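Take a look at the following structure, please.
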Amino acid sequence: MKNLTALFISLLFLLSVSGCNVQDFEQPSIENYGMVGVMGFDVAEDGYMNVTVTLPQPEMDAETKVQKYTTTVKSPHRAIMEASTKSEKLLSTAQLRVILFSEEFAKEVGVWEVLENLYRDPRVGTNSFIAVVKGSTEELLSGEYKDKPNINRYLNQLLKPTTITAFSPFTTIHHFIRHVTSQVSDALAPYIEKTGDSIQITKVALFKGSKMVSTIEREEAKIIESIKRNRKTSDISYEIQEDGRGSGEEAVLVLNFIRSKRDVKTNGDPVNPEIHVYLYIAGSVVDYTGDYNLDVEGERHILEDKLSKEIEAKLSDSIQQFQELGIDPLALGDYFRMKDRGEWSKEYWNDIFSRAEITVHVEPRITSTGTIY
Amino acid sequence: MDTGKFKKLNKYHVIFLVHCSLSGIALFSLPYYLRHVGYNMWMVLLIYGVLSSLLLKVILQLSKQFPNDTFYVIMEKVVGKYVSKLLHVFILSYAIVQVSNIGKSYVRIVQSVTLPDFTITFPALTLFLVMISIVNGGIKSIARFCILSFFLTVWMGYYSNWAFSDANVHHLYPRLHEYHMIDWLNGLFEGSQIMLGFVLIVFFYPYIIDQKKAFKHAAIGIWSGIGIMILICIASIVYFSIWQIEHLLYPLLNLFQAVELSNVERIETMGISLYAFLVLSKASLYLWVAKKGLDALFSKHKNRTRHLFIVNGISVLLVLGPIPLIYQTFLYEKWVIYWGYAVILLPLFLLIINHWKKRKKGNDGKEASAS
Amino acid sequence: MTELLWKWFRNRILNTTTTPQQNPTKEVPNKENVTLESIKTKLKDIDDAQQKELTINGEKVVLIYISALVQTGTLQDLIFTPLNQMEGKLPPEHVLKNSSIADLQDLQVLINDIMSGYTVLYFLEREFVLKVNTYSVNERSITAPESETTVLGPQDSLTEAINTSLSLIKRRIRSANLKTKIFQMGTETNDTVAVLYMDHIANEENVQRVLHRVKNIEYQGFVGMPIFKQMLEDKPFSPFPQHGISVRTDYTTEALLDGRVIVMVDGSPEAAILPATFFEMFTTTEDFYNRWTTASLLRVIRLGGFLVSILLTSTYVSVLTYHPEMLPPTLLLMLSESRTQVPFPPVLEVLIIEMVIEILREAGARMPTKIGQTIGIVGGIVIGTAAVEAGLSSNVLIVLVAVSALLSFLPPNYLMSNAIRLVRYGFIIAGGLLGMYGQIIFFAWLMNHLSNLTSLGSPYMTPFIPRQWTDLFNSVFRAPINFIVTRSGMSRAKKQLTRPLDEE
């Protein structure tokens, strides 16, 4: 009996002791937290950075729908701490969804350090999106978007994968880190800019290591995304030179419901590397302004051939650009690595890639011409 | 009803007891432990499977010779009263350290991911309280809890879908030439804590109803455990780059984070919490072994509930007590593995000694009859 | 743990209470002889004990009965009319065919009989006592089961009078295999307890266990069946009911046919069903009146409702307090908007609203039906809306609490639905203390507790802890009726098949 009372007392004691540790400050709950939705990084002087954070405003009567704080600090979590002292709320990174870097920041400072620190924090989801911003992020975040009052949600929705923006690489923290640290590929990130009253994904930023080096246009990016893996891509539109037919002018062809399939063959020889990229694209016509008769099989084939030439030319151009920059956003290294038996490293591959003779072959198929011929 | 010494574990109990004795909390860091062999880690798991099946076969040879005795009694019968006391203490303390090890590493994860504002005291205490209530019901209660925890957690495997949908299958292509023997040994060593648990079968062997098929059922348990581990490893292989595998402490956490559902985000909070079931089932099995050890030492194998409180108290102290961090890391990261190896090898030694004794006895008998 | 608690409690009680020097119940063996005087002393101060002096065949007779238990009409029919019509010198014991001769050695039995409604004729000259069972009281008529209504199926229910209840069952099972054991229980009340089972179906061990337990219960008396049932349970500390309880005749009959043992107490309409499983607390006989598809759907809803009901509001607490990262953006904004006005932390907020609902339920249950309805409306609409507008609670929470309160009433077993609500508070507090981890730890404890519970020695969680694979056909999924050919594994019946499966 005495044992029992002793046990109970000790248990109660332990519970109350552990309870005390917790109750020093009242456990905050959802309304006390300020959930940072977007973080934007700009370059400041002396290795500092300007960090802008925005969080949704739960107060109904407030004038703006978001709260915004800008601080000049050396590391991302410092920014949260600094901003917390200004805010009435306890800022938390638990709902961080979008991380923006200004073009200058991405090019000069590099994004690795920031992302590594955010990746370390278990509160930050690895599904947060990354994008590069033309100009400064602060400007973009303080811009007025009258029909989209909540910029947190707006940016999040914009960067979420949808078919219409399928050219964008939808880079998340996880993807970015995976590509930067991968031994066979380099990272891409969407490039956004403010156009009038809205924000638009205009290009795709190319990274070498963790620094941005260049951009590519949307149409190129679409083809590159379809080479990276088999998947549905957005509509593609090409201008086709219709020589020997009608007016001989340029006609526009827009394909819808694109499905792509790629195949890569390499010779695995590090001295004379050769890579062949095959790409099959199938889609249905939605817009066509030219004079070919789409219901005649022969004419359709001619059109397909012309389209193939167009795409091949563009793809070759971009690959040449990649080779000059010494980066491989197509992740072709995977195929080469399978045949290679040497000590593999990223430099090794980048060297091979820039020397490689790369041939491309694109086969578009018009599977349907819609409900009319 | 189900307490007391009689044969009470049916085949499902055996399968799931063995299954749950394997992975436990180590599953969270499994790819990290096997990082030394990079993308080839799934092969290490196959090696584990083969090795442990072989060991199991041998270990069960010993148990078959003493079908009604738990390992503590076997020790007494084989090596005598005084040496066996030493061995009892050895195993008992191993089991206690394992309980604290499992409990501590789990509570650490819980604390750092889901309850950053807490110290580990309160979560750890609740964990150990529930453990008492499980072990209090005896081995069958633990077995039932194992079955339950398997079914309550196995559906989370579905979430690996998201990792696979974003997979780079080229990572699976074996590149054996990049890794040396030493890497493989390192991987085998660090990862082995996920496999050491199956040896506990020698402790609950006397309670198994169908002892003839015990090997078959235990092997099913081992290989289903291996299967789940391979699933996790393959998901990590295709989802992570080499750098990530080498640097991520809890890759399972990041795999959970890949999941995107429309109604709830960041499923890993739930995943980690639900993991308490697997942790509890493995830890309570070790706690039961420790309690049996105390029974063997102080009450001649009689069941005493207070022994349960004592071993539980010690392991709580090991978790929360003021032990310098340097000893802790030493204890939990190095010793416990060597210790585990020793515990696994102990049945083999006993088997050899027993064999030798029998032979001697046989010879004596022959000599006696001859003279 | 619980044994220690019990030991401590018992010692405590034994030390503090004063027991009379002689235990009155132990005195019974000393038999007293029956005399008129001794009867009169025993019946002293019982003002409704009637004593009438008559002369039968010139013999002086004292007639003794309790007027509250015997109606005059019955007395007339059974005693006076036969005596009046008596012709010749036939002794009265031959005329009163219903009578039996009392044992003059045992006063206690005679007094018990008088107190159970017997009429005693004391023949003064012959020192001879006749007793006639004239027990006749007004009984409640057989009505529809109010607490366990179904749309289809029999609409009668067991009543307080054990004979009526027995007859209700015996009209359904007209078989000599239906055994009825009757005991006089309760040291003060001398109540009638009946144990029913199908001799050739019910498991012998189960029957013996029930009989053994029933015989070993010593208590002053049972006000209602639920008390008696608790004394038959394996683990009285558990919040969960471990035996079935029902007033439905079809449910009881079905249980008997499945090989269960039924226990009934006079004075309480419910029948206890032993053993029963956790799952059976979520089933009704209507599951078999419905088509198998509908029945399966309803069972999924009931069992899923159990899980949702215990976890819903506690998840609200833990997510809002510890895991705001789990909320999708739109939900986050909505919740934090409605929470800004609430001055309490989520755990208090939930506890308050849950308490309000509980109070409403309790108030409604204690009120007469008409006022109860008003309370429901006032509580549901007025308090709910007002609480949100006053900023005492977020509007999302009102919805969640209402849903989980509704879900807790899904199980047909009233005791189970009470247990669910109680367990829910445990989850809310665990969620408030340790977030989702706390919830899961509590859930783990609960699961361990449930899987260690037994009902009459069989696992309570059958068929989740399988006894036989055919149980799966009558579990969450209720198979078409032609698949249900075996009795449940829980009852360990002697005869497994309910119908022959041979080809004709």
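By written order: A, B and C. Residues from 1 in each chain.
We adopt the following convention: contacts are C-beta pairs under 8 Å (C-beta built on N, C-alpha and C of every residue); 3 or more make two chains touch, one makes a residue touch a chain.
Keep in mind it's a predicted model, so treat the numbers as computed, not measured.
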Central chain (by mean CA position): B
Chain located farthest away, centre of chain B as origin (C-alpha): C
Length of the line joining the C-alpha centres of chain A and chain C, rounded to whole Å: 64
Chain A and chain B: spacing of chain centres that average the CA atoms, whole Å: 41
For chain B paired with chain C, centre-to-centre distance based on mean C-alpha positions, whole Å: 45
Set of chain B residues in contact with two or more other chains: 118, 122, 265-266
Shared-contact residues (touching 2 or more other chains) in chain C: 322, 325, 327
Residues of chain A touching at least two other chains: 3, 27, 94, 123, 125
Touch list for chain C against partner chain A, complex: 4-5, 7-8, 11, 320-322, 324-325, 327, 329-330, 332-333, 335-337, 339-340, 342, 345-346
In the complex, chain B residues that touch chain A: 112-113, 116-119, 121-122, 125, 166, 168, 170, 173, 175, 177-178, 239-244, 253-254, 257-258, 260, 265-266, 306, 309
List of chain A residues in touch with chain B within their complex: 3, 7, 14-15, 17-19, 21-22, 27, 94, 122-123, 125-127, 174-175, 177-179, 181-184, 331, 334-335, 337-338, 341, 343-344
Residue numbers on chain C that touch chain B, as the complex places them: 1, 322-323, 325-328, 433-441, 444-445, 447-449, 451-452, 454, 457, 465
Residues of chain A touching chain C in the complex: 1, 3-4, 26-27, 29-31, 33, 35, 37, 56, 58-60, 92, 94-95, 97, 123, 125, 150, 152-153, 156
